[in-house]
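Order of writing sets the labels: A, B and C. Residues in every chain begin at 1.
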Amino acid sequence: MAYSDKVIDHYENPRNVGSLDKSDPNVGTGMVGAPACGDVMKLQIKVNDSGIIEDAKFKTYGCGSAIASSSLVTEWLKGKTLDQAAEIKNSAIAEELALPPVKIHCSVLAEDAIKAAVADLKAKQPMNKETV
Amino acid sequence: MSLTTPIYLDYSATTPVDPRVAEKMIPYLTKIFGNPASRSHSFGWAAEKAVEEAREEVARLVNADSREIVWTSGATESNNLAIKGAAHFYSGTKGKHIITVATEHKAVIDPVRELEREGFEATFLNPEPNGLIDIEKFKAAIRPDTVLASVMFVNNEIGVIQDIEAIGNICRENNIIFHVDAAQATGKVEIDLEKLPVDLMSFSAHKTYGPKGIGALYVRRKPRIRIEAQMHGGGHERGMRSGTLPTHQIVGMGEAFRIAREEMKQENERILRLRNRLLQGLVSIDEVYVNGDIEKRVPHNLNISFNFVEGESLIMAVKDIAVSSGSACTSASLEPSYVLRALGRSDELAHSSIRFSIGRFTTEEEIDYTVSLMKNKIGKLRELSPLWEMHLDGVDLSKVEWAAH
Amino acid sequence: MQINKAYFDHNATTALDPRVLEAMIPYLSRQNGNPASRHWFGRMSRQAIDHAREQVANAVEAHPSQIVFTSGGTESNNLAIRGISTLGNGQAIAVSAIEHPCVMNPAKGLQKHGIKVNTIDVDENGKVIVDSLLEKLKTPTGLVSVILANNETGVIQNIDSIAQIARDHHALVHTDAVQALGKIDIDFNALHVHAMTLSSHKINGPHGVGALVIDKRVDLIAQMLGGGQERGLRSGTENLAAIVGFGAACELLKYERLEHAASIKSLRDALEIGLRNLGARIFGVAAERLPNTSFFAFEGIDGETLVMAMDRKGYAVASGSACSSDSTEPSHVLLAMGIQPDMARGAIRVSLSSTNSMEEIESFLTALANEISRFKQLTAIAV
């Protein structure tokens, strides 16, 4: 399998690896995938008081493309609002990393992880709870 | 440091040609180039003599009669010829049931599948979790119409050695033709076909420091075993396998098998020391699982699963060592190894397995480099792994409900 | 003592070209991966095979994806006959009467599976008789197989027109081009066949490797099963060094074949003038033949004895094809051409290459003349 230079760069120097405190009300956690499928992504975002994502961390069990996809989105997420974050599309990830067709599912998984983290955060925050 | 990377630890996929073998082959490429079937001139005679000397060498390694050795293009052809050739020849008298094992090489499994499509029935025995066959289960699989059994001597992925003598005796008692794929066994375990109750045995040159593209099939003479030829033509190899014999490759296989016979003992001792060094280094890492029985196993092989890291990223991480994840022939696909799954390993552990295979030119320095590389890379990948984090937190991953993706 | 031997048996096998050996050596002497492996060693091997595949394809104007590497001509012919004949339109297979045993025998083997084997007749020059082909095609036929250039006589068939007729009758077409490769131009597409057999060791490449060129629209049924190499059409670890050598030999053909063809033909023509003067009958002489091959006999002289006598004098020639050198049966090719068995039994084949010289031809003719007069004296005494 030939990986693009960008995938290899993210794989060899992953950005923002780590974990945030799950119980922090300003932290949203998304965990998607399953070990049997060969991919599990954990993505965490932390927002400041004005609702801007100020930190993002990930851990990924998966192939090089899955690691690169999650590493890339942690860079993209910082500085975005939750709504802007939720707009990140898998196609943009796949394009940026030049993923081959058999690896598109990695970008889909990354998009799902963002959505899950955002949903988790929104569920935690009282303001959002009221609007539900 | 005189190490050059990548380090080759994939001797079970293929071995380099031993320089002594290459040296012996070259004159047959340049000077003595007759067609061994040309009986009318001396160019052909010289080639024929070389072919017969090589046949003698192959026979000596396995203590057989040289008249029992049939040249083929490799173990795949030998397996196809043995299985289809014997099944077709004997099905009329004995029946159409075949016993083989789920962990056989594809070159055994696929011909058996083909026979199933032709109307044969096959039992694919599952080995025990250590990769070995339970003899009682083998016995239980036998039917009155069982015509053929095929069991590999040494498994290509996990290196375990089956009890060929015990299985062969059962086959004899039940009048079943017994084929053994020994592609991974030559030069690694003693093979004495005078004692072993085996009727057909497949060999390959390129797994034993000979050239690619040449192999042999042992066909027992006493009691005489018959097979139906699968390749027809000039009637070479006593009609069992037609085709001009590639003299230089045959000479190469003969020389490779001579070296194997003479050096096997010392070589296996040295390789066992290296393998144990590798094993000790790797089991010091947490959550690693050796696949296959560690005792009844050739010293050349170590197959280990690294828990909580994903297989493909693992292969990417260890690109400085040339190893296999699963067998070489199937590593182009992303399917987890069917051999490890047959042992009952989970998909995840099957995916994250690495086969290290050590050989004649492996050094202690290379083993030490490999151990430190693995420790480093596994550490890094686990740092990235949410599963490892959960494991450290005491989460039982088998109880987690994963969102299906 | 024989120091200078003349090799006149190039249709049986050829010497490896030193440049081919040079291309092969790295694959015999350093670490080479299994081409199925994903690591660096495996990828290097895979690239070498891909390159060779292009070289072989170029030699016959085919596409690399149409090349299936095998262990040689015999396997390629078996694969074609057994792998194609059950497809197409029919319960029958038609092969010419002058096919090599590795086409003839697998064809006969199909009878067991209920497939009828029809033999297409040839004329006195060894050319396929079109009316006979048409007659056989009255039976719905799955496959027609005709050798492009015969190994014994060197006679070349009009494969493109044979193929057109076969296609008009909804049959698939295979040709054994083992002897033709390197001796005449071959264009896979222009021949209009579905499958074509090639071998390396007849073109100064190594033994143990060949190819089947296959039109990918044909659902070839694999005969050797296992690891799924060669797109599943031929399992088994690729014969790396030999494949590289085959590719290199094909590459050399591209530059050197035409250059050599004329000089080889002039050697052969000089030989045949001498043979006629000695009273030889030359077979297939009125047909278009390979420039290097001469197949002949002398009335009343046993070929096998003459071949042995010539070998002692240092000339390697053949009686019939090498594969059947074992047997004393008269050549089935000559019998099919209507030659009397006694005459056919006396047949001798000289097959030349660019390594042969006019001096060798001349000394061969002198030695032959001596042997023949000696035989005639012996026979005269015996009578």
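Everything that follows uses one rule, which is that a residue touches a chain if its C-beta (ideal position, glycine included) is under 8 Å from a C-beta of that chain, and two chains touch if they have at least 3 such contacts.
From a predicted model like this one, the values you see are computed outputs, not experimental measurements.
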Longest centre-to-centre distance from subunit C, chain (CA-based): A
Middle chain, criterion being Cα centroid separation: B
Where subunit B and subunit C are represented by their mean Cα positions, the distance between them in whole Å: 35
Distance between the centres, which are taken as Cα means, of subunit C and subunit A, whole angstrom: 63
Whole-Å separation of chain centres (CA-atom averages), subunit A against subunit B: 43
Junction residues of subunit B - those touching two or more other chains: none
Numbers and ranges of subunit C residues touching at least 2 other chains: 38
Per-residue overlap in subunit A, given as positions that touch at least 2 other chains: 1
Interfacial residue positions of subunit B with respect to subunit C in the complex: 6, 8, 10, 13-14, 16-17, 19, 22, 25-26, 29-30, 33-35, 37-44, 73-77, 79-80, 105-108, 110-111, 113-114, 204, 206, 211-214, 230-236, 242-249, 315, 319, 322-324, 328-332, 361
Subunit B-facing residues of subunit A, complex: 1, 3, 11, 14, 17, 19, 31-42, 59-64, 66-67, 102, 105, 109, 112
Interfacial residue positions of subunit C with respect to subunit B in the complex: 2, 5, 7, 9, 12-16, 18, 21, 24-25, 28-34, 36-42, 70-75, 77-78, 100-102, 105-106, 108-109, 201, 206-209, 223-229, 235-242, 304, 307-308, 311, 315-319, 321-326
Footprint of subunit A on subunit B - complex, ascending: 308-313, 316, 334, 346-348, 351, 383-389, 397, 402-405
